[in-house]
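Two complexes, one shared chain (chain A), two partners (chain B, chain C).
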Partner chain A sequence: MQTKKVKNTLKQIFWHAVIIATVIVFLYPFLYMVLTSLKPFADIVASGANIFPKRITFDNYIHTADAVPLLRVIANSFMVATLTMTVKMITSVLGAYALTFLPNKYSNKVFYFFIITMFVPFSVIMLPNYLTLAKLSLLDTIVGVSLPQFADASAIFRLRQSMRLVPKSLIEAARLDKVPHMTCLTKIVMPLIKSSIASQCIFMFVNCWNEYVWPMLILRNQEMMTITLAMKKFSGSEGSTGWGTSMALATISVALPLVLYLIAQKQIISSFMSSGIKE
Partner chain B sequence: MAEKELRKQAQKEERAAAKKEKKIVTKAMRKRRDGLLFALLLSPAIIFFVVFVIYPVLYNVYLSFHEWNMVSPNKKFVGIKNYENLFKDGEFIQSVGTTFKYIGICLITIFVFPYFLSYAMVHLIDKGQETYRSVLFFPSLISLSVGAIVFQFLFRGIGGPINAMLAWFGVEKISWLNDGPTAILVIAFVATWKTFGYNMLIFLGAILEVPTELIEAAKLENASKWKIFWRIVLPLTSSTAFYAFVITFTYGLGQVFTPTNILTSGGPTNSTSNLVYTIYEAAFFTFQSGRAAATALVTLAIVMVVVVLYQALEKKVHYAN
Partner chain C sequence: MNDIVFKNVCKSYDGKVNVIENLNLTIPAGQRLILLGPSGCGKSTILRMIAGLESITSGDLYMGGVRVNDIEPGDRDVAMVFQNYALYPHMTVNKNIQFGMEIAKVPKAERDKQTDWALEILGLSEYKERLPRQLSGGQRQRVALCRALVKKAPFFLLDEPLSNLDAQLRTSARAELVKIHEVYHPTFIYVTHDQIEAMTVGQNIVILDKSIIQQMGTPDEIYNKPANVFVAKFIGSPCMNVGDARVADGKLWIGEDGVEIPDDWKVIIGDRSRIKFGIRPEHIDFAEGSGDVHAKVTYTENHGNKLVVAYVSGGNEMMACLDPFYKLGDDMYMNIQWDKIHFFDADTDKNIGYPAR
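On to the complex of A and B.
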C-alpha cells in the first residue's frame, strides 16, 4: 500500500514536470521579448541565453516613438480591428440566428456552404481579392483591409453552438405572443448568450489586430501602416537598435491582446474547448 | 424593471386586441414569411462569402488559363500551359515537398503532442489543469508576425539565445535561418507556438467529454493509463481528432506564410519556399497571374482531397462506433 502511494506521487511529480517544462518552453519567447525590450542597446547583442536585463531601461520605447508614428500606427490597427469585429459580429449573429431558430429545408445546405468556405485557405484567394479591391479603389484604406473579412464561417459556427443552448420553447412562446424575430434576437437570445458574444468579439478583434499578410498587401502607404507592419520594418536589421525597437513594438502589440485575455480568459477558453465537439 | 413589466403588459394587451381583429395568419403564410426572413438574415454573410471566397476561386480558374501581367488590358488565353509549366518546374515540385515537410513537422508538434499533453492534464495529474491550460493558450492570441520576429531573434546564428543554450551542451553554432532544413524547422516552430494552445483546448474539451464512469470502470479492472488512452479515450475522441487534423492541415498551410515572409522570404535558394509562398511571389513579385492562380488551385485541390478523405473516414468511424 505504502509503496503504491509513493509510486503514485512520483508519477504525479513526473507529469507535472513534463507539463511545466512545456509551459516554460512556450512562455520563454514571450518573456524574452518583453525583457529584451527593457534591455539597454549594448546588452541586447551580448546577453546570449541570459533572459534577465542587467539594467532596466525604456530607451527602446523612446526610440520606437521617435522612429515610428506610434499613435498613428496603433490607431490604424485599432480602426481596422474595430470595424472588422463590428460588421463580422453583425453578419454572424444574424446568420446564426436564422440557422438556429428559422430552420427550413435549406438550412443544412447553407450551413455546409459556410463550412466549405472555412476550408479555402486565404492564400488561394488573395490575388483575386486584391484585384477586386483595386477595382473598387480601396487599396490603402482601412475599409479595404476589413472588407473581405466581413463574413466568418467559424464565428457563425461557434455562435450557433451557443444559440442552440437557448431553449427553443422560449422563442416559440414569444412568437405565439407575436414578438417579432428581431426582438427575440435582441431581447431574448443575445442577453442569454452575451458572454459568448463578448468572447467572440474579443477573439475577432485580436485576430484582426494580429493580421499581417492582408494588410501588407493592401496598405502600401506609410501613413496607413498597422502595428504588425511597423514591426516588420525593424526586424532583421542587424545591430541592437533594430532589435530593441522591434522587441518594443512587439511588446506593445501584445499588450492589448494580453489585457483582453486576462479579462475574458474563462469565456474564451470555454468557447474554444467546446468548438471541436460535435453535437 | 417595473417599467419593463408594464411595457410588456401593454404590448401584450395590444397584441390581444390585434388578435380580436381576427387577423388570422395562416400557417402557410407564416412559413413563407419565416423563409423570407431566413434568406434576409443570411444574405449579408452569403453575399460576402460569394464575393470574397467563391468568386475568387472561380476567377482563379479563369486566370489560370490565361497569361496576364496584371497591368496590360489584355489577357491571353493559353489553355493549360500554366499548369504544364508548373509541373515541369523543379522549383515548384520542391516547394510542394517543402510544404509537406512543414506540415509533417506541424502534425507532430501541434497535433500529436497536444493530444498526449491534454490527456496528461486531465487524467495523469490531480490538479493544476486550469492554470496550465490558460497559460499554454496565451501564445495563441499573439500575432504570427510577433512570433516570427521573436523567433528570428531567438534563433540568430551569432549571439542567439538558442545557440548559446546549445553551447552549454557542446553543440556547435548552427546557422538556423541560413540553411534550408533548419529554417523549415524554425518556421514550423513559429506556427507551433501560435496553434499549440488552440488545438490543446479542442483536445481538452473532447477528453473531458469522455464519460468518467467508463474510465472509473477501467481503473477498477486495473487497466493501465496507457491502455485507457488507447482503448477508451482515443476511440471516443477520434471525431474531434479528425476535425483538429483537418484544421491543422488547412490552417497550417495559411500560417506558414507570415514566418516564411519575415524569416527567410523563401530562401536560402528557395529551400523554404512553399506552395503558399510561391503564390505570393508569382502574383506580387513576378506578376505572373496565371502561374499564381494555377498554384492556388493546386493548393486548393490538395486541401479538398484532405477534407474529402476526412469526411469519408469520419463516416466510417461514426458507423464503427
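On to the complex of A and C.
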C-alpha cells in the first residue's frame, strides 16, 4: 500500500516535470520576445544569457510607432486576415455542407479532388497565382493577398468531419419540414458545430495574420504593408540593429490574435461541453 | 382519401441487390398500421420511402392518389417521429415544436396556440422553455410527438419511437400514441420490432421478413391464424411451438405416439404424409399418467404469473405456459386440443387452413 503510494507520487512528479519542461520550451521564445521589447538597446546587446531586463523601458514601442505607420499596418493585416477568414469560412461551410448533406455519385470524387490540392506545395502555385493576379490588376491590393486563399481544402475537410457528426435524422427532420438548405445550414448545422467553426476561424485568421511570403510578393506600396512586412524593416540584412523595435512590433503582432483567441476560447470551451450530449 | 399504395416497388442501394423486392401494399386512410419484423427486414426502408427520405428504384408509390416517386419529402405532407427523436439540441422544446411552422410561415399567434395545444395533450406544458438535454428520454420522445402532431399532416410516420424507452414508459407511451391517432385520425404508419407494441397499437399489422410481406391482418388474425411458420413463431411470448409430425392411418404421429385426427381436420390435411403442427404454449393441455403424446419435462421456470415448462415431445422441443400452482408429475402427457392447433405444410411452411366451425 505504502509503496504503491510512493510509486504514484513519483509518477506524478515525473509527469509534472515533463509538462513544466514542455511549457518552458514553448514559453521561452514568447517571453524572450516580450522581455526584449522592454529592454533598452544597450541591455539587449550586453545582457547575454539574462533574458530579464534590468530596467524596463517602452522606448522600443515609441520608436516603433515613429518608424512605421503602426495603426495603418495593423489595419492592413486586420483587413487581409478578416477578409480571408470570412470568405474562406463561407466557401468552406458551403462546400462541407454540400459534400456532407447533398451527396450524389460525384461527391466523393469531388472531395478527393479537393484533398489532392492540399498536397500541392505553395511554391508550385505561387507563380501562377501571381501572374493571374497581375492580369487581374490586383497586385498591391488587399484583395490580391486574400483572393487565392478564398477556398481551402483543409478547412472543407475539417468542417466536413464535424458535420458528419451531426445526426442525419436532424437534417431529415428538417427536410420533412421543407426547411431550405440555407436555413438548415445556418439554423441547424452551424449552431451544432459552432466550436469547430470558431476554432477554424481562429486558425484561418492567425494563419493569414502571420503570413509573410505571399503578402511580400503582392504588396509593394508602403501604405499597403502588413505587420509581418513591417517587422522585416527592422531586421535588416546587414546585422539587425533594430532588435528592440522588431520585438516590440512582434509583441504587438502577437497581441491581437491572442486577444481574439482568449475571447473565442470561452465560446470553444462552452460549445465543447454542450456537444457532449448531442443526441 | 389519404391511403398509401405501393405498386411493384423495388428498392436497391447498390443497383445489384434489392432490399425491397416487388412490394405491393395498400395502407387504408386513417388507419394505424404497424410494420413489424426483425432487424434488417426492410420495414424502416419502407417507412423512409413513404417519407421520401429514400428514393424508389422501380415501381410506383401513391399517396392520397398522387404518384409521389419524384416528390420531395417536404412536399409530401408527412409528419415523422424518428427513433432518436431528432430534436434540435440547441433549441428549446417550444422552438423545436415551432420550427417547422415557422418555415411554413404560420402566423406567430397560431404557432403558439398549436404548440400549447400539443404540449397540453402530452402533458409537457411546464417544460416549454427547456432544452432537450434537460429532459428525460420519455419527455424527449413526447416532444418529438408534439412536433409531429402540430403539423396535423395526413400521414403520420413513426420509426421505432419507443425503442429507447424503458419498459414502464413504453406502456404509457403506447396509450399516448393511440390517443394522438384519435385526435385527428391520420394514416398512421408505425415501424417496430416489438410485437407487444404491434399488437396493442395496431389496427392492422404487416409482418415482414427478408423484405417480403409474410402476412397482413388485424392483431387478432395474426395471432390466431398465422399465415406461415415465421409469423407463428414471431408473434407470442414464448413463441408458438412448431414441431414435425407424420400423418398415417388417419392418425397424427408425434414421435411414437399417434392421435386420431378428427374428420374436419382430415379434409384440410388431405393426403399429406408429413406436416408441421403448431400449438401456442398457453394452449398446451397437460395430463399425468396418460394422454395423447408423451412429454418429457426438461426444466421449469416460475414467472410468478405463470409456470413455463420446457419439454420434449416426439423429438420436438416445446414450451408450455401453465398455471403457476400446477403440480408436474413424473410421467406427463400432452393432450392435443383440436380447436387450438395449427397446421403448416412441411415443405412450404404455409398455413394449410382451418376447418369451418
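Rule of thumb we're sticking to: the second predicted complex is superposed on the first by the 245 of 279 C-alpha atoms of A that agree within 3 Å, B and C clash if a C-alpha of one lies under 4 Å from a C-alpha of the other, contacts with A are read in each partner's own complex, and residues count from 1 in each chain.
Everything that follows uses one rule, which is that a contact is a pair of C-beta atoms (placed from the backbone, for glycine too) under 8 Å apart; a residue touches a chain by one contact, two chains touch by 3 or more.
Everything numeric here is computed off the predicted structure, so don't read it as measured data.
Novice: Identify whether chain B and chain C fit side by side or clash on chain A in the overlaid structures.
Specialist: Here chain B and chain C cannot both sit on chain A without a clash.
Novice: Look at the residues of chain A and decide whether chain B or chain C touches more of them.
Specialist: Of chain B and chain C, the partner in contact with more residues of chain A is B.
Novice: A:167 contacts which: chain B (first), chain C (second), both, neither?
Specialist: Second partner only, chain C.
Novice: In the overlay, answer first, second, both or neither for which of chain B and chain C A:228 touches.
Specialist: first
Novice: Who does A:123 touch here: chain B (first), chain C (second), both, or neither?
Specialist: Only chain B; A:123 stays clear of chain C.
Novice: Would you check which partner chain A:178 touches, where first means chain B only, second means chain C only, and both and neither mean what they say?
Specialist: A:178: touches chain B and chain C.
Novice: Which holds for A:56: it touches chain B only (first), chain C only (second), both, or neither?
Specialist: It touches nothing on chain B or chain C.
Novice: Touching A:191 in the superposition: chain B (first), chain C (second), both, neither?
Specialist: In the superposed model, A:191 contacts chain C only, not chain B.
Novice: Which positions of chain A sit in both the chain B and the chain C interface?
Specialist: Touching chain B and chain C on chain A: residues 177-178, 274, 277-278.
Novice: Could you list, by residue number, the parts of chain B that touch chain A in their complex?
Specialist: 12, 15, 18, 34-35, 37-38, 41-42, 44-49, 51-57, 59-60, 63, 70, 117, 120-121, 124-126, 128, 132-139, 141-154, 159, 161-162, 164-165, 168, 193, 196-198, 201-206, 208-209, 239-240, 243-244, 246, 250, 253-254, 257-258, 261-262, 275-276, 279-280, 283-284, 289, 292-293, 296-297, 299-300, 303-304, 307
Novice: Show me the residue ranges of chain C that touch chain A in the complex, using the header's touch definition.
Specialist: 51-53, 72-75, 78-80, 82-90, 99-100, 103-104, 132-133, 140, 147, 151
Novice: Spell out the residues on chain A that touch chain B in their complex, using ranges where they run on.
Specialist: 11-12, 15-16, 18-19, 22-23, 26-27, 29-30, 32-33, 36, 45-49, 51, 90-92, 94-95, 97-99, 102, 104, 106-107, 110, 113-114, 117-132, 147-148, 150-151, 153, 156, 177-178, 181, 206, 209-213, 216-217, 228, 231-232, 235-236, 243, 246-247, 250, 253-254, 257-258, 260-261, 265, 268-269, 272-278
Novice: If you look only at chain A, which of its residues touch chain C in the complex?
Specialist: It comes out as residues 167, 169-170, 172-173, 175-180, 183, 187-188, 191-192, 274, 277-279.
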